[in-house]
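The first chain written gets the first letter, and so on, giving A, B, C and D; residue counts start at 1 in each chain.
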Amino acid sequence: MSSTLSPSQIFDRMMEKDLFSRWMGIELIELRRGYCKLRMSVRPEMLNGFGILHGGVSFSFADSAFAFASNSHGRLSVSQTSQITHVKAAEAGDVLIAEAQELQLGHKMATYDVKVYRDENQELIALFRGSVYRTSRRFDQA
Amino acid sequence: MSSTLSPSQIFDRMMEKDLFSRWMGIELIELRRGYCKLRMSVRPEMLNGFGILHGGVSFSFADSAFAFASNSHGRLSVSQTSQITHVKAAEAGDVLIAEAQELQLGHKMATYDVKVYRDENQELIALFRGSVYRTSRRFDQA
Amino acid sequence: MSSTLSPSQIFDRMMEKDLFSRWMGIELIELRRGYCKLRMSVRPEMLNGFGILHGGVSFSFADSAFAFASNSHGRLSVSQTSQITHVKAAEAGDVLIAEAQELQLGHKMATYDVKVYRDENQELIALFRGSVYRTSRRFDQA
Amino acid sequence: MSSTLSPSQIFDRMMEKDLFSRWMGIELIELRRGYCKLRMSVRPEMLNGFGILHGGVSFSFADSAFAFASNSHGRLSVSQTSQITHVKAAEAGDVLIAEAQELQLGHKMATYDVKVYRDENQELIALFRGSVYRTSRRFDQA
């Protein structure tokens, strides 16, 4: 059922088009089927009205890790429902890690947890959980 | 308990610092206590690896409407947990509306729904629900 | 694509087996495709360690309304992810209403909101949102 | 800030009133500050219209583990928002485990994950995540 493309080939194909992940400046640290770890630095243009990281950007960062982890099996997977719990504020200059882990891989649906934390001291910033619908389209047939 | 600042004065103070909402190019359509309606256009740098609007950007757009609606009462309110369900894809060039409504306003917590839809045909893009923790700090004392 | 069975025929088939909804003592008030309204009374055996309605029972009550609303189209639909926000406590003797509304009906997924409120004064108890996966099995072919 | 009551003294006080957890037949396996593991057997009166465990009962079971874990610190904590993802069906006769773990303990809010799985083969049934609001009331002063 898995693709003949490797997770990193799939990542490369996605990143080519993923202009928003590029805007965030995400950097791939580790990738395997069902798992993805990313790094990004908080820039001033990512801040909200309280002068801290906009909740939508921490969500987006987690969402990208989630997308790469869930698509790594080679079947095109689309986000269905996701949830985020904000734990601590992040500030301009912080370097953040998003680590996505597969909790459950079903035929039609799969579920992932993503932890966003500060690289320096491992302090938790946000907890993300998301589910994808796994289409029958495969990356190697696209 | 309400602030002596009007919702639009609070909005202006927040927007001054909210560089990410400015990056998104959000435009205020309507604002009152507990309610906020925003407009934004989907630009190429907001797309994901499938060439459609990144789920994190639709979340961010909803999250901004949520922040303006929940802070409009004059008490500094911070997002605690939010959830998004993606319904349809949006594409570059689409003009989107985010409409935040207050479902419940408690002493410590409040809950909001945000609908994101295409302005042209009212087609639903995403459903967002979020809860804030209402701090005791007031905008007019900041 | 709709079933030749009516919503109330589907409801009857489900309720025949739904021993937990019967334990809750739910009563059908209104049902149509994509919509369901139920009533139930809070009994002492539904209370939690604080002497108020157990959050799991308010969830269950909403979940049953959600199940009847989503299956009313005649395609067997299974709950995928659901979320509840607790607003007020309910107590023994309270009569509650659960009202499920369809927000979005897709080919594979559908999303519903359920409001749980006190019948007497319409006071909101809980807000529920859930998504189902719509299987291809139909009730009239079961 | 912790209570002078032990987690098991708090558990006993809660269980004394928690008639619904008693109805479910929950059994305590392990308890410490921020952690709780429960067991329960699926009985026919817990089934739904498809003849499998009602989603509300698996939620309730997880919710009880969540309540005991979050109250174990001695401060009265009330559930704010919870989410469940259903993974597999459980059937009458199944023996289930709910294991609640603390992800984050803040001054006002705390977040927990609960896994519900089949005791026999460790097969995952449901994934639960919930947040509590931590009141200033303490069990030892109640």
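By definition in this document, a residue touches a chain if its C-beta (ideal position, glycine included) is under 8 Å from a C-beta of that chain, and two chains touch if they have at least 3 such contacts.
Because the structure is a prediction, the values reported are computed rather than measured.
Distance from subunit C peaks, on a Cα-centroid basis, for A. The pair with more inter-chain C-beta contacts, choosing from A-B and B-D, is A-B.
With each centre defined as the average position of its C-alpha atoms, the distance from subunit A to subunit B rounds to 22 Å. Separating the CA-averaged centres of subunit B and subunit C is a span of 29 Å. Centre-to-centre separation of subunit B and subunit D, using mean CA positions: 33 Å.
Residue positions 80-81, 83, 85, 131 of subunit A each touch two or more of the other chains.
Looking at the complex, you find that subunit B touches subunit D at residues 80-81, 83, 108-109, 131, 133. By the touch rule above, subunit D contacts subunit A in their complex via residues 83, 85, 87, 103-104, 106, 111, 124, 127, 129, 131. On the subunit D side of its complex with subunit C, the touching residues are 13-21, 23, 44-51, 54-57, 59-64, 67, 71, 76, 78-86.
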